[in-house]
Amino acid sequence: MFKHEKHLLQEVKIDAPNPNYAAMLQEQLGGPQGELKAALQYLSQSFRINDHEIKDLFLDIAAEELAHMEMVATTVNMLNGHTPDANRATVGNVQAHVLSGLSPMLTNASGQLWTAAYVNCTGDLAADILSNIAAEQRAKVVYEYLHRQINDKGVRDTIDFLLNREEAHNSLFREAFNRIQDTGSQKDWGVTEDSKLYFNLSTPGKYFDLNNPKPTSFNNPNPQNDRPMN
Amino acid sequence: MFKHEKHLLQEVKIDAPNPNYAAMLQEQLGGPQGELKAALQYLSQSFRINDHEIKDLFLDIAAEELAHMEMVATTVNMLNGHTPDANRATVGNVQAHVLSGLSPMLTNASGQLWTAAYVNCTGDLAADILSNIAAEQRAKVVYEYLHRQINDKGVRDTIDFLLNREEAHNSLFREAFNRIQDTGSQKDWGVTEDSKLYFNLSTPGKYFDLNNPKPTSFNNPNPQNDRPMN
Amino acid sequence: MFKHEKHLLQEVKIDAPNPNYAAMLQEQLGGPQGELKAALQYLSQSFRINDHEIKDLFLDIAAEELAHMEMVATTVNMLNGHTPDANRATVGNVQAHVLSGLSPMLTNASGQLWTAAYVNCTGDLAADILSNIAAEQRAKVVYEYLHRQINDKGVRDTIDFLLNREEAHNSLFREAFNRIQDTGSQKDWGVTEDSKLYFNLSTPGKYFDLNNPKPTSFNNPNPQNDRPMN
Amino acid sequence: MFKHEKHLLQEVKIDAPNPNYAAMLQEQLGGPQGELKAALQYLSQSFRINDHEIKDLFLDIAAEELAHMEMVATTVNMLNGHTPDANRATVGNVQAHVLSGLSPMLTNASGQLWTAAYVNCTGDLAADILSNIAAEQRAKVVYEYLHRQINDKGVRDTIDFLLNREEAHNSLFREAFNRIQDTGSQKDWGVTEDSKLYFNLSTPGKYFDLNNPKPTSFNNPNPQNDRPMN
Amino acid sequence: MFKHEKHLLQEVKIDAPNPNYAAMLQEQLGGPQGELKAALQYLSQSFRINDHEIKDLFLDIAAEELAHMEMVATTVNMLNGHTPDANRATVGNVQAHVLSGLSPMLTNASGQLWTAAYVNCTGDLAADILSNIAAEQRAKVVYEYLHRQINDKGVRDTIDFLLNREEAHNSLFREAFNRIQDTGSQKDWGVTEDSKLYFNLSTPGKYFDLNNPKPTSFNNPNPQNDRPMN
Amino acid sequence: MFKHEKHLLQEVKIDAPNPNYAAMLQEQLGGPQGELKAALQYLSQSFRINDHEIKDLFLDIAAEELAHMEMVATTVNMLNGHTPDANRATVGNVQAHVLSGLSPMLTNASGQLWTAAYVNCTGDLAADILSNIAAEQRAKVVYEYLHRQINDKGVRDTIDFLLNREEAHNSLFREAFNRIQDTGSQKDWGVTEDSKLYFNLSTPGKYFDLNNPKPTSFNNPNPQNDRPMN
């Protein structure tokens, strides 16, 4: 079960309201690389996991992503300010002015409604962890894009924090991968001839070969975690 | 530009029509881990890539995924047979009987329409390749699930081929990652205190530590590819 | 921020796996009247609420809905069992067999992906609370429908609990409404001639009059709450 | 069956074209609180209603909402004017300029396509009427937001009319509720211990109690309607 | 404005309830070739039409499609019967049993929610009429598919009527096209070299030539309509 | 199968970057009348076609539409330039700045994600060809709208080419229709009384009659194609 505490995981501030940037920041509230997606992806995956260590990691991070979602939403809310003026908007999403009364919404920066199509859950731990590593990397990239569009120091500090947390999650997911890397969809990899072929279907150009396909394995970022802690 | 050749990348056969299984196999035609998604994800990503080697790889694989899509759709079409009987369907998607005249459709196994929400494209090579690695792994998992639901030898052979090709693509994407691994979103990783914290928000239990976050790096499946071939 | 505790809000049990009913129960996990919708609706609304009493109520209930979501998902997971056999499915959603490896999904009973279009958030407290009252009533109705489709005692106990909690939430939202009933969109109601007209546009038949429009007000279920407690 | 008459329910005028505001006003044509949603929600609910008085009321209002939809669409069309110039647009939805040739569209103010996910229909009269009361209140709120973004007298008159009609519908739905308030999902309310609990899951703060849950009942706005008219 | 009359455009009957077929018939209520789509497409297109004859035709047919929608929904409602039993369902859409209390829904036969993505409206009369001709032809095809899946005489009579009305609409739209065939997007057709090329991109095989591109023109089904009637 | 060649079907150029127009041009990449829709509609339809001449035509054009999609995407990419500045955007879609790193996306001009709801495939050749004729006409219209919003000579040349190719496809689809015009849904047309009725449901006004409904037939733009070439 979840319990809510009124304080944020980390305090957020803004220098000044900025409804245009509020609309852009919506991307990480209700977009495909946003905090809601991350929280619900890891939570969804957790329901069928048997490995209690991995399950705990997924839930630790899912809970943190909910906390990030709160931080982003609170920042959007502050940036929306108190002066509704849709006509002065210069970016896409005017829903806050005409639909939600300046409340943060579950949409991306263009007003596309959040959809569970963003969530990947396969029931295979290797596939799910790789999905999460990719998701964290994409989230970092979007925060980098958002960072370069704003000078507000308060907002930048929040983005910095969130961006760095994605790195932390990413590293943790890789350690989790190392623990389960010989299981599930990682097994029986590259044993057929078909798995060794390269079809050069776009021409001109061929720059890669494939002689020795092996299942994914990461270099170990935190060797001390190779063995479970408990 | 694309050119079409009438023959399939690899011939497909079925032992007998099986409309229920046709509906299930739709998953890899119009579902989130299916061939259309893969083709359009790699194609979308390719448009802004400057590195001509990586771009060629993405397009080689995108073209192959289109060829896979044809193989899956042709198999669905054969499995749908010639006897429309929606009432005898025992799985979800009856659209083939009442909407498309037994044509394959751009939906998943439950009839959910394909959506570009399945496609991830960030303009950052590291993030995009990690997305592709995860996508290939998930696609393999879905083919494994489909494999265990059918005894038809022709269908199984096709699934085997497609499943093994996902492994090949996955290995190639990892090699591509190794070539660009110090660029873009991989830079300046783990340098802040925030990137080293672990928030133990789900209790009881804590099984991971995070002392030394590093950007993603894979063990090299094909060392001879470390240096570009050309 | 949110913290997760491993135990459920209330323990769930099933008598036996039942994949068909698992698919139906998905309705309250990822459907329009389901627990995810409720949690995210109340959470979304809370971000801009100034009244700290109402805000706390919304967050108390939002957190509980997340806990309900976990209960439903855990039950779905148990009902899915361990034997994937999509061909024996007799209801709509076969995604669990071919996509998610028997994991619960963020879809309704027919496989439609969850969408933020289910969430209403207007920034007006009266409108939002009325939305929540209606949402709770609809959720109760869907649990009643689900209850009559199953004899499994464990599942019925869980549904009973959840159904009764919707009643509790509903009553609480009405009390909240009574506290704010003269504010926002409740003001200046029924003062124009236009607000008193009845257009009898469907014929034959006219059974209602409208002489004296007034803003919504509920009979008070818990008079002791009329005055804030603190 | 429906018959169409060429004249509008009430004439609409504008002072001057205003493509930006046209895009905003789309919200009430193709948005979640808009006229199409209202019309189709009440019409959908009507199909299974046995109570001929309630059924007539739902259809009276559904037909009126279609008439409102025409008024909104006609106003949008006039506001779009005759000079396509997408580059001077300062709000979200440019579809009118590049897709529909300045025709009104079935989208909200940000271009999100209308979806039946906006429509609630449960087959339970109490739940459906509560849904309608909430829908009317939300529609009023959106009209208030739209009103404050425009000075055009013609548009303001139309919004005033539509806003007041939502109040009229709201009052009528409440009277309908009073007639059926002891039926369906209103029965057996608050009889279990579970329905009387308050889980204080968000802390700090607790401002409500729940001792005596009762089914929803409204103060009667039009006592003379308590007894059916016929 | 629209007025509703309680009687249907044509009475509908069923021989016996048939929830499975009810789910299939949903296709023409809430699917891409269904009655709601047709009604809203023609209504949407009508808002900007200046030609009062064409506009009247579009609205005549839009109103009739609403009446068809009522006939389909009423039939679905009767076919759903009074015995909810989702477990005996053998087709996709179980929403009627667990969500809508056996009410007809705005979804297709697999439970996909209706979306305005089905509606085409370009503001160009030639393009819109061609869209409508194609839409009517597709609707006829889906009714043919539905006809062959049912023996119920009452249902077949209703389908026969609706199918034949699509033919009538189709013929009328062609007459409308003949009246406007030299306007809008029909002008300046085939004057460039590019419009005369044939790219033989799929091989082997080439079976068509293109020497003399001309704008669309139909053989005239009703010559007496060539001159407007008024 | 598909093979990719690195050169475009026709070279594209731009005079200068123009991120606003890039967003508008997205309409023909990921919108309902865009190149992706066309390619996937014709490809989807081709899978069940038996007539090898028609099948080849559909695949010739499907492959060309993929080539068009590349031309549009390459142009969008060039127009997006290298200077991300979402705040200076004056049209709807800011996703390129905050989500995709200036990559072209599978969305329309307002950021709505591409959906397979845009694709019509019925398995009936007459209906499918009519759908394609309408689709080509709508695509031409959208290119006309896009043409009048830009002065960039390079972009205009590309639009000119694409617009004229839609005309070519349109003419070819009509020839294909003439070859199959007495088959499938074209048969048994207009033989019932119901198919000859006109319901004058929108008043005042009646300007069409329907005495002699016949199946669709086009005037022949290229008589020499009446007989298949092979």
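Think of it as A, B, C, D, E and F in the order they're written, each chain with its own count starting at 1.
The rule is simple: contacts are C-beta pairs under 8 Å (C-beta built on N, C-alpha and C of every residue); 3 or more make two chains touch, one makes a residue touch a chain.
The shown structure was predicted, so the numbers you read here are calculated from the model rather than taken from an experiment.
Contact with chain D and chain F alike is made by A, E. When the interfaces E-F and B-C are ranked by how many C-beta pairs touch across them, E-F comes first.
The geometric centre of chain A is 27 Å away from that of chain C, both derived from CA atoms. Our note on geometry: chain C versus chain E, Cα centroid distance of 35 Å, whole angstroms. Within chain F, contacts with two or more other chains are made by residues 1-6, 9, 32-33, 56, 59-60, 62-63, 67, 90-93, 99, 101, 107, 110-113, 115, 117, 122-124, 141-142, 201-202, 205.
Judged by the touch criterion defined above, the protein chains form a pattern that is neither an open path, a ring nor a star, and not fully connected either. Contacts between chains, counted with the stated touch criterion, involve the pairs A-B, A-C, A-D, A-F, B-C, B-E, B-F, C-D, C-E, D-E, D-F, E-F. Here chain B touches chain C in the complex through residues 20-21, 23-24, 27, 31-33, 90-93, 108-112, 141-142, 145-146, 148-149, 201-205, going by the rule given at the top.
Interface residues of chain F facing chain A in the complex, by the touch rule stated above, are 1-6, 84-95, 97-99, 101, 107, 110-113.
Within the complex formed with chain F, the residues of chain E that make contact are 9, 32-33, 52-53, 56-57, 59-60, 62-64, 67, 115, 117-118, 120, 122-124, 126-127, 130-131, 133-134, 137-138, 140-142, 144, 160-161, 164-165, 167-168, 170-172, 174-176, 184-185, 189-190, 192, 194-202, 205-214, 216-219, 221-222, 224-225, 228-230. If you check the complex, the residues on chain B that touch chain F are 1-9, 30, 36, 40, 44-45, 47-48, 56, 59-60, 62-63, 66-67, 70, 73-74, 76-77, 99-107, 113-117, 119, 121-124.
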